[in-house]
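Each of the next two complexes has chain A plus one more chain, namely chain B in the first and chain C in the second.
Moving on to the complex of A and B:
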């Protein structure tokens, strides 16, 4: 790893800015001592230390090799603690999963950003915020790990605005986009297990928009709450409208989730109801989009039919996030991407 | 103070552009439209001009959508049909 020198009177930000690195905000100095300390904290695998220079993933469009050391450098830059490194390493594995289509995520003009959701023990031990204000500021783990993932995209993947990221307007989620699942207040158990990842700690990456708020202060009936969720899902301004394979992440706050569960609704019931309710008239969508990447059966519908905003109920992913209050959110997809859930491993 | 650089190494580049063909006359050109809005207009204009200048034959094939890599089946088919492929994106 090539070193650069920070001279007297300079900051790390100055040096990085001069080299075209960083996200524009002040940076923690990635000294060899700090990076090595972070790498030393990684747990051994099968009794053997992990290789810091093993290539974990090759990230598009730069074809950058993400090793544990490179990931640790970016983790230090962002202000992560050593216990956050396995979460980041696992997130990088997810970024490189073919289903996620990182090449497309970075090449598109859409404002897509990878949302990192931390599940289970890693969320607790890393001090991640799953409760009040989980998507907002004030928590080191959420802020630093989300930022580190973006720094890895900027530096290793080469996703700099312009040559490596064509997003027309960009978006605040591209600075950092990391939350934890509120497992303690989920009436349906953990999200990762619901998609077949039965590990003490896991991560999910969903490449989507920033959260769209859903407000319902007064309802106890699941349908009345979820009709508002369906309303947030039903707009022609999002990529899900012309791209039927796109997923939705529905981040229910604990109180909305509890209202659904109290009436006997399961996670799958919520997704099935939204699949049925979040629909638009075919003629309206045809008027809005000349190009529609719809499932073949959807292309056959008549103009007067209602078409769902995604081609399968399984594309509607329900996870509990947040604290007290009655605000949930919908996170539409970029479209040509699938979410990836993996166990946390060093 | 010495600090690390953040980028790391570069792996194998998955694909590189083919060398250009010096003489187009007598060649067959394929247009691979990725279906991004307006890509077809740009490609059609280039193809028309090349055909007018060199007498090349032009065939057109579509990718299914703009955001994902072209299917192997389409690439294999067009590679057998033509000597040159013009592709690109637009918006």
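Moving on to the complex of A and C:
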């Protein structure tokens, strides 16, 4: 516990700033009472209370140890409610998963931010917004949990711009980047189950860019909608262009998803179609990049061939997010990272 | 003892390099700075910049600490 003194004329935000804490915005005071209330809300595991000081993850670059207590402190700072804590703890486990490569995520000059997607019961019970305006603003759960995850990166992982985060420009997604899957309007069931996580509540973290909009107001044919998605995916400005292992998250709005499903397209059909359509001429990419971290079979293609923007259809992850209207989005990857989906556990 | 090691970083990423070295329990890691940015420079320039620091790298690898 740290006792903080507020000097004459200072606001609480001034104190945080003076100590190098926070993201620049006002924060709740993490008093012991508030932190304890958060921790008390955690469900027992196998009939036993969970240990608040167990190390959940060691986070790069500072090798900071995240415990349930330090996670709860940041949850209070960001304005989370107690029922959000298991989501946040699970998200921290995902950050430390080797596939995610957090050291690289924080050390790169790319503006990558971990996108946290909440699936299932935890999204409903926590009041997360999966519908209109899901990426924000205006919903406490999405805003506070996304922000808490960033505060954990700043305070525990040491990902402060300069010594711990080398992003050239940073980005708005680095303030908070949390959304819920719109399971009620997904014609293909839940995303987590589609990647083998069959739990009532789950989370996914994808380390990528901010969403790139895809607009189609007029089409009912899946191909006509998805050709626009493919267009948003085919850009030499994205890391996916020179790094073929990179994933894409395609956040289809319910109306675009329904149009695909009405024509009998499955989630895998959508990914397979995008894999075939989101391609560029090899010669164009060779002009753009001298160094290409491509799969060997892609390196052997001829200049006139079309090369996909990612090396496998399975790297195109389709999830339904949002409300009424016909705007979807593409979330390109940083590249040298894999998304991680885990069950929500305290 | 062990294998003498030097990390070469660019001047703009020195603080990040220091933090990673500290977090990995190597606060005394020998770190040599070179010019920034390396990305996008031609080979002749890269070689010229390497020449500028090569003596420093050799000294860091061979001189007792």
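Here is the rule we go by: the second predicted complex is superposed on the first by the 336 of 346 C-alpha atoms of A that agree within 3 Å, B and C clash if a C-alpha of one lies under 4 Å from a C-alpha of the other, contacts with A are read in each partner's own complex, and residues count from 1 in each chain.
Simple rule for what comes next: contacts are C-beta pairs under 8 Å (C-beta built on N, C-alpha and C of every residue); 3 or more make two chains touch, one makes a residue touch a chain.
Computed from a prediction, not measured in an experiment: that's the story for all the values here.
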- Task: Please indicate which partner A:35 is in contact with in the superposed arrangement: first for chain B, second for chain C, both, or neither.
- Result: first
Original post:
For A:101, is the partner it touches chain B (first), chain C (second), both, or none of the two (neither)?
Top reply: first
The answer to whether chain B or chain C touches more of chain A is B
Per the contact definition in the header, classify A:163: touching chain B only (first), chain C only (second), both, or neither. second
On the A-aligned overlay, A:135 touches which partner chain: chain B = first, chain C = second, or both, or neither? neither
| query | Where does A:62 make contact in the superposed view: on chain B (first), on chain C (second), on both, or on neither? | reply | both
In the overlay, answer first, second, both or neither for which of chain B and chain C A:155 touches. first
### Task
Figure out whether A:177 sits in contact with chain B (first) or chain C (second), or with both, or with neither.
neither
On chain A, the footprints of chain B and chain C overlap at residues 62-63, 103, 107
In their shared complex, chain A is touched by residues of chain B numbered 1-14, 35, 37, 64-65, 67-69, 91
Chain A contacts chain C in the complex at 60-63, 103, 107, 158, 162-164, 166
The residues of chain C that touch chain A in their complex are 13, 15-16, 18-20, 22-24
In the complex, the residues of chain A that touch chain B are 1-6, 12, 15-16, 19, 21, 29-32, 35, 55, 58, 62-67, 69-70, 73-74, 77, 101, 103-104, 107-109, 151, 155-156, 243, 290-291, 293, 334-336
